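Please read through the structure below; I'll follow up with questions.
Per-chain residue numbering starts at 1, and chain names A, B, C and D are given in the order in which the chains are listed.
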Amino acid sequence: MQERTAIPDSKINSDLLRGLLGTPMWWWVAVIVLALIVGAGVASVAITFNMGLGLWEIHRPIMWGIMIVNFVFWIGISHAGVMISAILRLSYAEWRRPVTRAAEILTVFSLMIAMVHPLIHAGRPWRLAYWFLPYDFPRGIWPSIRSPAVWDPSAIFTYLTGSSLFVLIALIPDMAVARDRTTGWRHYLYSVASLGFRGTPRQWKLQTIAGILLSGLLLPVFVSVHSIVSWDFATMVSVGGWHATIFAPYFVIGAVLSGVSAVVTVMALMRWLFHWEDYIRPEHFDALGRLLIAIAMGWLFFFVLEFFVAIYTKEPAELALREMQLFQWPYNVLFTIFIFAALIIPVPIWVSRKMRRNITVMFITSILVNVGMWLERFIIIIPSLARKQDLTFVWSTYHPSIFEISIVAASFALVGLLLLLFSKVFPLMPLFEQKEGQRFAAQIRVGRRSIPGVVREE
Amino acid sequence: MVQEKKQQKWAMVVDVDRCIGCQACVVACQAENNIPLNTEEIFNQKRAIEWIRIERYWEGEYPNVKARFIPVLCQHCENAPCEPVCPVYATYHNSEGLNVQVYNRCVGTRFCQNNDPYAVRFFNFWEPVWPATLQNQLNPDVTVRSRGIMEKCTFCVQRIRRTTRTAKEQGRELKDGELAPACVQACPTSTLTFGDINDPKSKVAKLAKDKRHYRLLEKLGTEPNVIYLKKVDAHAKATSETH
Amino acid sequence: MPNRRILGLFKEDEAAANAADALRTAGYTDENMEFLTGSPYPEGAFGEHVPAHKLYVFPLIGAVCGFGTALLITIGTQLGFPLVTGGKPILGIPPMMIIMYEGTMLAAIIFTVIGIIFESRLPRFGVGLYDPRIMEGYVGVLVNCAEERLSWVDTLMRQSGAEDVKVEEPLRR
Amino acid sequence: MQRPHLRRTSREHELSFAFPDTPAEAGKDILSRHLRLTSRFWKAFWVLLLLFGVGLLGLALRILGGFDDRAAWGYEAALFAYLLTTAQSAPLVSIAMRIVRNHWRRPLARLSEVFAVVGILNLLLFFPLLMTLPPQEGRKSMWFGWPGSPHIYDSLAIIFLVLCGLAILLFTSMPDMAVLREQASGRLKGIARRLSLGWVGSGREWKKLNLGLGYLGALYFILLIGVHALVSMDFAMSLVPGWIDSIFPAFHALSGLQSAVATIIFSMFLMRAIGGYREYFGLDQFWALSKLLLAFSLLWFYFWWSTFWVYWYGRAPSEVSVLKLIMFGPYAVPFFLSFGLNFVVPFGLMLWNVARRSIKWPTIAAASILVGTFFDRIRLYVSAFSVEDVTGHALESIPATHFPDLIDVLIYVGFFSGSILMYMVASKVVPIISMWEVKEWLRLRVVRTFLRTEVAVVAKPE
């Protein structure tokens, strides 16, 4: 990319390890505030376990409330990591370098958070072992693999394991740097974490291949995860609004949209909080903005298809459902906010190069998108249950209770908290990627102009 | 279909034409199956548990409006959408065509209720409590369900078991109409008929062939074992919106 | 005769490459010469052979194992307790495919990671002769040479621009 | 500087193409190849012309047969969709790669853009097919009975698509036409003068050209996806009661992308083998495209599975009957063929890097995809057209398999040779290798010494 400034390796190290080696005031403040919110959430979970799900506002036939909405949302966010780092690694995009780690770690944490939701949400959490672990051998009964509720754990477990290992592998060289920079017990800790990495050509070669090979392996998993989550809904023949064949790719691309936006948010925060202006530069936001436009357009295509094919059958239940989504309070308001926040406001802004390079604007739009995408999940999941079938007398509506809301709030706080704690122990930006980027930078002279290029060796 | 011909397959016929909406079946079911009391508060929470319920809707324009009643209970579908989604086999299809619920397996994902088009599965949001005066009225043959699990109509499986056992003890075949779920027994207008639909001579089998017969949400292909008979009047379209 | 390690630290990678050339002409090969860098360099940047590896075998083995296990589990769980649900076949192939897919990928990824660690000869207990400056951008040329040639290599490195040269402690016996 | 370890490094495939290294030589070389006109070309020309005539005759017969019997038109619909899916989608390869600023696309950019001319041919099939559509009342239709629908809007969409493709071809070939204007002789010189639109190559013109190509490309992309959606819904989905499959238009478009890549790979192979441009299509192009091929083959399965899986689990009668109709019933054979050739074969081949980094295997995979897509279109359109009663909630009875008759064969032969003919002629007017893009490429890439190794440096101007 453009305006590349050569930074000596030692400066890169000290800059990017800033989070590990120093603890600014804002860090403590943020951690405490977030911890309080998380605490509130934990408290309401405890109360729910103690007194029963009656505390929530779910009822027949809307048996899944915003807890599941939030589950789907976090699964969506978790698609940021592999999307960014895998796609960009495989396409040798130079501007991936500062982005990858933050994206991957966001994946891991949001996936963990997502995983918790269905467990909290179960009627008898103390019997969850029955759900996805084999039990009761005398009767020889195992989980029913015909159930979407069993595909989910398998997919999420695979994805979580994969992406965590991905992060850890990429961390090894940075751990070596931390090892050489620290002393005392932290030195020992990092020595262990770096597995005695010394930077021989073989180790670097493997490190590079690992990035590409693991990306290639994780990409199909990442597609499968959200597809399988979407099939929780799409395979339900009884819920007209859910039973659409397009759900799998529609959810995946929606997830990518919200995930990449989340990465933009995190990057902006990193740039501001850790003062990494030299590393997270406007052109990175520029590139991400361009990517986001493409994703948003693709998502729009699927969104239109889903909606259109649903109404063009003119089935009464479908029409009733769409009527509810579009025109009935409060869904009409939510729908309007969703479509404006996720599409109509941000995309035209991203079209302008000047706006794409304005970090504040990108920060705000990225948050807007995620507000919109959260509401999208709400709009998909809740009204469809409320207008399940033609049996008008079971139609209903839903508004979340304070307990559900506090748990949702806690989930957001928890991701922030985990990220902050992570930044204390591991560098949020891959050091060696930065150095590599500088080694591999080159210039080509054409006539009077010298054009920035990059060394290519696949 | 899962079971060979000769075996019993329990079914019910609901003659909508006869139903007067007296709710006797609801009360009987409540008493028979230890269903927790549906207080007004629980009703307002839309969490009332009624294994069989009378759905009432108005037909026609004021002044000449007619009240229509349709009893809705678990349809015990052959291809029950609610069964395969359960991760722990808490609900499955047994050899007598019943859609059974195994309470102690249930972990309460509430997936089955989502994929149940008739909304006839019920979740225990609260620990069930009975006033001391009612403690002794509980039916000893029926489990009291704890909080956090799903429950639903069983066609009074406890009665089916008891009657078949006595029949076997007396070494005779089960007679048609000999056994009836509480709701059928309580219905004053004999709207509900229960029996073995695999036995061509049974009342149910005959009624099921009536030209008025239809089943709820047939387009889903769930093949319920509860068959409805249309109202016989000019306003037969009253039920038309349900199929 | 006993061999000892000697590590030359170069600020300029060009200098390191020169030293490597000189050592090669003196008969040292990749077997007893190693380059330590703080970041990836293009392959063969110091004229070293491109290290060969068998990483691609690992995911394949993993995939096979994962697929087999998943197949056993899915078939076993369905036949082990044949309950009819929703009029679906007892042995439903499509649902099995989902689980088997995830199982395959899981094992493939885990094996790949093992492969990466194994192929990059890690974990390595203790870094041996090493210097923190390497991760700060210096290039280290690590030579494993005979006792009496240590001084010769040392001077060679310093001539070709080594900023510092470290020698391994003699192992006492 | 040659060291043993340099034998396998990046250079091998970065520099795998053997054409001259300097822009000037490259331009001269391409020009000389372009102006060469063999007798073999003329032989092929006349044969194809004859066959095309036969095809037109067949079409005439079919039209005389009338439009009321929709089943008879099934194979024409499939053919139309097939041409749309392969030839008319092919320009996307160059367009997309230009948008992401890939360098390896440059030799094959023109190759894919020239396919736009086949679109003209496809219009001949499209308009008769419109006549066969049943009236909208009583059936589900994406137009909700709009006045003039679907005929007007579908026609507009597809005509715009063809025009847009031709416009891209016209503009992107302006600079080369300017060269021909100076260098060529005879009739070609005259054509070039007209087609070069007075191109002189000023800085402003270049700027405008790049910008315009970007916008037109985006427009073509959108139009193509739109046309795929319209065609798949109007000519297949909405004709089958109970076929409510929201991913189907997307699946249709996706297989368009897949076949586009396959088409390009295959024509690259032909260009190497008989086109006389062997040196210009190296491992670069094949390797990069075969990666795309792998991705698209996986996506093909993914999109197909989304339909199959949701229907399999849902089990509503309407869905079961649709599965029977287009997959496992009367059209099971074409379906399984297309499943094997569109997914199993290309996936099995392209999975291996060794195969991806070759000329032979990508070509085989591409060929199998082209055949597979053909059968895919047959199972989708012939089945949809053979449904008698288009009203109702679900498909009552599954129609029997409909086999092609002689007229169908005539039309197929005619239109395939017609497409090849148009492409050949166009490729003799427009240089099939974009001179200006290749030249620009050669300016933007150099091989440098990095310490003791050699690396290729690629410049990416914004």
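In the analysis below, a residue touches a chain if its C-beta (ideal position, glycine included) is under 8 Å from a C-beta of that chain, and two chains touch if they have at least 3 such contacts.
Worth saying up front: this structure is predicted, and the values here are computed from it rather than measured.
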With one step meaning two chains touch, work out the least steps from subunit A to subunit C.
-> 1
Most remote chain relative to subunit C, going by C-alpha centroids?
-> B
Between which chains do we find the greatest number of C-beta pairs in contact?
-> A-C
So what's the Cα centroid distance for subunit A and subunit B, whole Å?
-> 44
If you average the Cα atoms of subunit B and of subunit D to get two centres, how far apart are those centres in Å?
-> 57
Just curious, how far off is subunit D from subunit A if you go by their C-alpha centres, in Å?
-> 35
Residue ranges of subunit B touching at least 2 other chains are 79, 81-82, 84, 86, 89, 220
What parts of subunit D, by residue number, touch at least two of the other chains?
-> 9, 309, 313, 315-316, 450, 455
Mind pulling the residue numbers of subunit A that touch at least two other chains?
-> 141, 143-144, 146, 150, 220, 236-237, 455, 457
Graph of touching chains, which shape: line, ring, star, complete, other?
-> complete
Mind listing the subunit A positions that touch subunit B in their complex?
-> 52-54, 58-61, 63-64, 118, 121-124, 127-128, 130-132, 141, 143-144, 146-150, 232, 236-239, 316, 385, 388-394, 396
Provide the residue numbers of subunit B that touch subunit A in the complex, in ascending order.
-> 45-47, 55, 57, 72, 81-82, 84-89, 105-111, 113-119, 122-127, 146-150, 216-217, 220, 241-242
Residue ranges of subunit D in contact with subunit B within the complex | 313, 315-318, 320, 393-394
Residues of subunit C touching subunit B in the complex | 81, 83-88
Subunit B - residues contacting subunit C, complex = 1-2, 78-84, 86, 89, 91-93, 223
